[in-house]
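To keep things simple, chains are lettered A, B, C, D and E as they appear, and every chain counts its residues starting from 1.
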């Protein structure tokens, strides 16, 4: 029988406001096994923890129940507290009387009653707890960063600078990501290329970093510290180690009408290409969909002109298998498709463009060499309308847009408006907005400068319709402040499209067993306290794959993720989760049901000798669990008909005791 | 309504003694602080913790003790594990006494007695030994051979050396299985020790301990010239009711709970070998 | 005067990664649902043995709800897919035995769906309250 | 002797049911069983019920007592209650005999009060077997199917039911229905008895004898090599035990309710592997030992302790119900040798 | 179809015993009456000739006995398996319950087995002997002399709905192999599903309340081969020896059916041995029907190594709420 101590936390008024904590502590005193019961304002505080430690020693406690906030918040805290007092940390159970009680109930009596039941339930469980000892596993001291945008680059550099090997997997031929496509960056108006490309070079030259460009993650196995990853290196038909990046082939290739995705299709490239001048690695890639040689065996110009003999039309996808200790997801974002936004005539008129396309139009390396010209006729626009929140904050139009705020649009629209007015003072700029959101260092000043110094017309209201009329675009919108309908004849309309996670994120999340929210952003282990970790151990989050963010935020998060990875890789051994499955060999039938449902392949079989009746010996096939691989989901325990398989820390008996206690 | 033997009495554990690393002795009285019921040496009682289970234990205290009963219990199953974790003041339920006692007042009377025990096997013999010590003048010479794995595993060690060994006409022979620091007594297994000691056959012998010890001790005694009619032992089997009705503890047509647990070896010879 | 209205006993099994977090989020956002709902945290919905569900009914529960990550989002990749099969078959069997099918439910609630958690629990409690006490899968020894 | 026309039987039942719960064999899915008589419930013609009548005195499960525990304290609650009067109608000779066998177990000191109180309150109306089955061998155990014991013995003819009280309880019950019964001679009954006895002689198992068994035979059979084969395919289920009118092994278990602990007793079977399982071993480790125990108990151990009386009444239930068709007749024939064949 | 007779099987056994292929034969031994046949192991042909029996009452499914039998001694065990038995045989192999190399399977055709309970229902107690050599059974009764009844009328319930005449495992066949046949075995399940919940509840209460928890269904079931059943295990939390009330009756049967779901081959032994004649196969068949309906047709034991539906999934599986609402439409 256990000697259990119960500690009821007030959490200031968070709990004590709707739960009579004194009454709870009193009521739980008479539960089986309880020898001590106390309450305190903040159990998680230094003093609160000391209270627990003292009680463990004074009352010789063998188990602890803390009635407090969610175990997801402070279970680890109180386990450490217990361990510090010499108690096995797994003899601690948390009764969640805050998130799942005091915060949702208003009535004191109701809250108190429920808190008592929750406390009783935790006590019932702790009565059946057994001390657990985590297993240990080694750590592969190498990290994988998936995605080579600014987030991935920064994370990789920071990890590599700490002395650990890092591989970057980038699905495009070059790293750089969205930032490489930007012209200037708010609020300081630095040129994006000027601050990004040196970092790209750093990556290329770092001895600890390998870049797998034009590659994708194919398969992920294993667990924190011990991931086995299969990477698909897509055939680029150019030998990477031979190509010098001279670019001759990209000039000689006769296939000229290949839409240039780097410029969002606003101009063309060749079938063999280097995405942009500062690409890293600077290696040509053949677009197999357009290359005549690959399609029908006719041409071969690039091979002929290549002095380095780097062209290889027979190249196939290659697979690299590598071990990693940690994986960082930095898969980034994309603007959402405008296909469903017919009201803005995006598909009808070339002169309705997205902000990212506008970014390319303003860029000196862009399709117009930096001159602001209309895509339809190459004429300089004199009246531009910017529409904000296209698909963002779209609670009522969830089927085409997003409910969330894309966060960066207000600022880049202000940037675009300001830059336009700066370069082309003859151009009239109007911005339609719902709200202008500028929380950030120098952000509001930046926006006000656009509106006040640069004379950008900010109109609070939404655009209802854009209709092409001749070479003009008729923009119908409402001015909510003036309370009138507006009709503007514009030359160019720029849509601030909402951003969404890259499409590759979801299949990746499945491979990583990392969870995602309904919008396909990766879920963090804790929204505030563990914002750069996935709930899946060993998986970290960097950049916009976790949620919309601007460059400064992305970079700081990238650094944070790197710090977490470094912390992990710095360890020689990892202590695992001791709440793993275990098979009672005396009861196991060897039927293989558990093995079949185990997602990690943690179960194997062995023939073992057993004592039969009357001094006989029997050999039986029995299941054995590899504790380093088992992640403790418990799926096997239900597949097992005999109940031979059980889960430590969540044993059948414990859960049934909880059920009993709740239903009592 | 008539008395129902299956309905137990309430008992309170007033004292718990750690005898060996895995044996504790529990002192039990009624809630009023009295002895729960009278018993004879060698009889058993059912102890239970409601919700945990009920199990049969021999009463290790002597019937001559008028204040309380004691049970020496080795931790092995569900109930015993629970009891080992209990603290003084814990209520238990007790029913009994069950089984036949040792024939202390007729067969044993006036005779020399030899008690041979191994490990926790001393527990059932303690009540007889103390009974005979209490009525010292009714019996002849008493020899006690007791052995265990180590010194720490000797049950009631203090009582043995302080009380038993100092009684006149009582000879205590202790042995442990293997050499141990701080032990200057005999080392070796009980059956061999019994043979070494070489008792005369003009006495009654009582054996209790693990099956293997019983087997070889009996052989040893036989080689010394003892008849099976002179040697007694007690049996232990799975029991539920304690009154010969639930159908478990029979060996042939004898129920250990009712016809035993005390058997003479010639009686056991009549029973099939299923214990 | 308040009448002594019937309050069902509801056991909710929630997976640690999604639904338990969703329940926490409901709390953080102060989204109320009835106190009759009490959550048992399990690592994954696939940890829930049909025996636990029957046990809950035996012990006096009037409704049992399982919450797990959305299919495809399981922290352990596939746990909730197994849950889905197991519970589909179990619930169908309970229905076959004439036990009200509304007393059992599986709902996928992600860590971000605090509102869904609260709404689900409100709805489930309403449904079970309307059914009244569980009579068909009860153990009278546990109802005194 | 009294008689009552079968057409008035329902009236008799109604009269009996006024003062006591009345149970009669009723046909239903899966065979006949004793059911509480109510208006409209018809008596079965089946030879016997699937389960024996032992349930009335030794139910499959009964609560013995309750406990409440709090902290270190235990409260023992003796919630035994006075039993109600009841009448079991239509118990066959074999089952009636089984009560005598059970009595020797449960009514011997210390008396089992649960059993005793039911025994005290129950009135047995037995019924002679007009059409014994091929599986019947009650004669082997000296039971007369034509003249069953019980508080009242009944014989059923085409038209009438004849009743003879054997005990005071029986007399009392007969007098309660005297208004619709009439005195009669025993002619028809004698006729039926003769007829039944003649059939009993012809039954295929009429040659099974107990000669070779009984008290003092432990040594003879315990180590017989025949047990190996006899038990080799025994499934270890409890079917034979649970349909047997004389099997009385039980288990005592605790059930934790939401309020406290109920200690209950339920039928157990010596055929079950955990029957004698202890923390440190099992005295009957394989099915052979368990199988042997059951039959040795019926044929040797019980007679040892009960003046030679066997613990089998030849009802034949185990013959029809055993999943592998192993039964006491086969055991007796195999162990007893070929002359038994 | 070749009529399988006792003599044919004895001849086959004699051949295999004498040429050393097998060292023992698992078969049935004749009993007191025509119908009470007991499994037995024969090691010599003389004892077989004396006691071996095979006729229309020889319905026992032998596959489960192989677990124990293959662990005893050297040499192969000869077993005669009917088509339905071979599914259980394969399922046990899938679950690694015995060594295939230690068994020699002779597949025997089967045209259905007779249920003595049905004969007794027709003629009452007192069946002295039954001659089942032709399709018309001659039944000798104690009270009414010799009676005749068509075999089809007293065919065991499971044989009436035979699902396959095809052997899915054998070393050797006697006679031609048959085909998987489309049976109406789910008709009763359908009927129950069509009832209201109240009616279904009443139906099952009536059935399950008769359960005496003798465990015969479990102990005979070839899918129930656990070293220790949860219902016998004091640590499982569901151990019970006697059903204390209707809940425990339901609990036992629901959990047992769930544990064998996807593994039950629908051999029907559970219903055959139930002393209370509870139609237990209707529980198993419900699971089989649901599995077929929800996840595509699946026959346990069809092939060794098949992945049972409950240890499998697809991403498109239906939701539990859809599963229970299927009946409403």
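Brief remarks on what is shown
In the analysis below, a contact is a pair of C-beta atoms (placed from the backbone, for glycine too) under 8 Å apart; a residue touches a chain by one contact, two chains touch by 3 or more.
What you see is a predicted model; the values in this text were computed from it and never measured.
Between chain B and chain C, the least number of touch steps comes to 2.
Annotation of chain A and chain B: jointly contacted by D, touch as defined at the top. Relative to the C-alpha centre of chain D, the farthest chain centre belongs to A. For the pairs A-E and C-D, the larger set of C-beta contacts lies at A-E. Comparing the CA-atom centres of all chains against that of chain C, the greatest distance is found for B.
Closest chain to the protein centre (all Cα atoms averaged), using per-chain Cα means: C. Work out the mean CA point of chain B and of chain D, and you get 39 Å between them. Inter-chain centre distance (chain A to chain C, centres taken as mean C-alpha positions): 29 Å.
The centroid of the Cα atoms in chain D and the matching centroid in chain E are 30 Å apart. For this pair, chain C with chain E, the centres built from the Cα atoms lie 37 Å apart.
Looking at chain E, residues 230, 236-237, 244, 310-312 sit in touch with two or more other chains. Among the residues of chain A, those touching two or more other chains are numbered 597, 639, 652, 656, 660, 663-664. Those residues of chain D in touch with two or more other chains are numbered 69, 251, 255-256, 258, 268. Listed by label, the pairs of touching chains are A-B, A-C, A-D, A-E, B-D, C-D, C-E, D-E.
Put simply, chain A touches chain B in their complex at residues 1.
On the chain E side of its complex with chain A, the touching residues are 71, 94-97, 225-230, 233, 235-237, 259-260, 307-308, 310-312. On chain C, the positions that touch chain A within their shared complex are 9, 11, 16-18, 20-21, 23-28, 30-33, 35, 38-44, 46-52, 55-56, 59-61, 69-70, 72-79, 82, 86, 110-113, 118, 142.
Taken in their complex, chain A has these residues touching chain E: 586-593, 596-597, 605, 618, 620-621, 639, 641-644, 652-653, 656. In the complex of the two chains, the chain B residues touching chain A come out as 82, 85-86.
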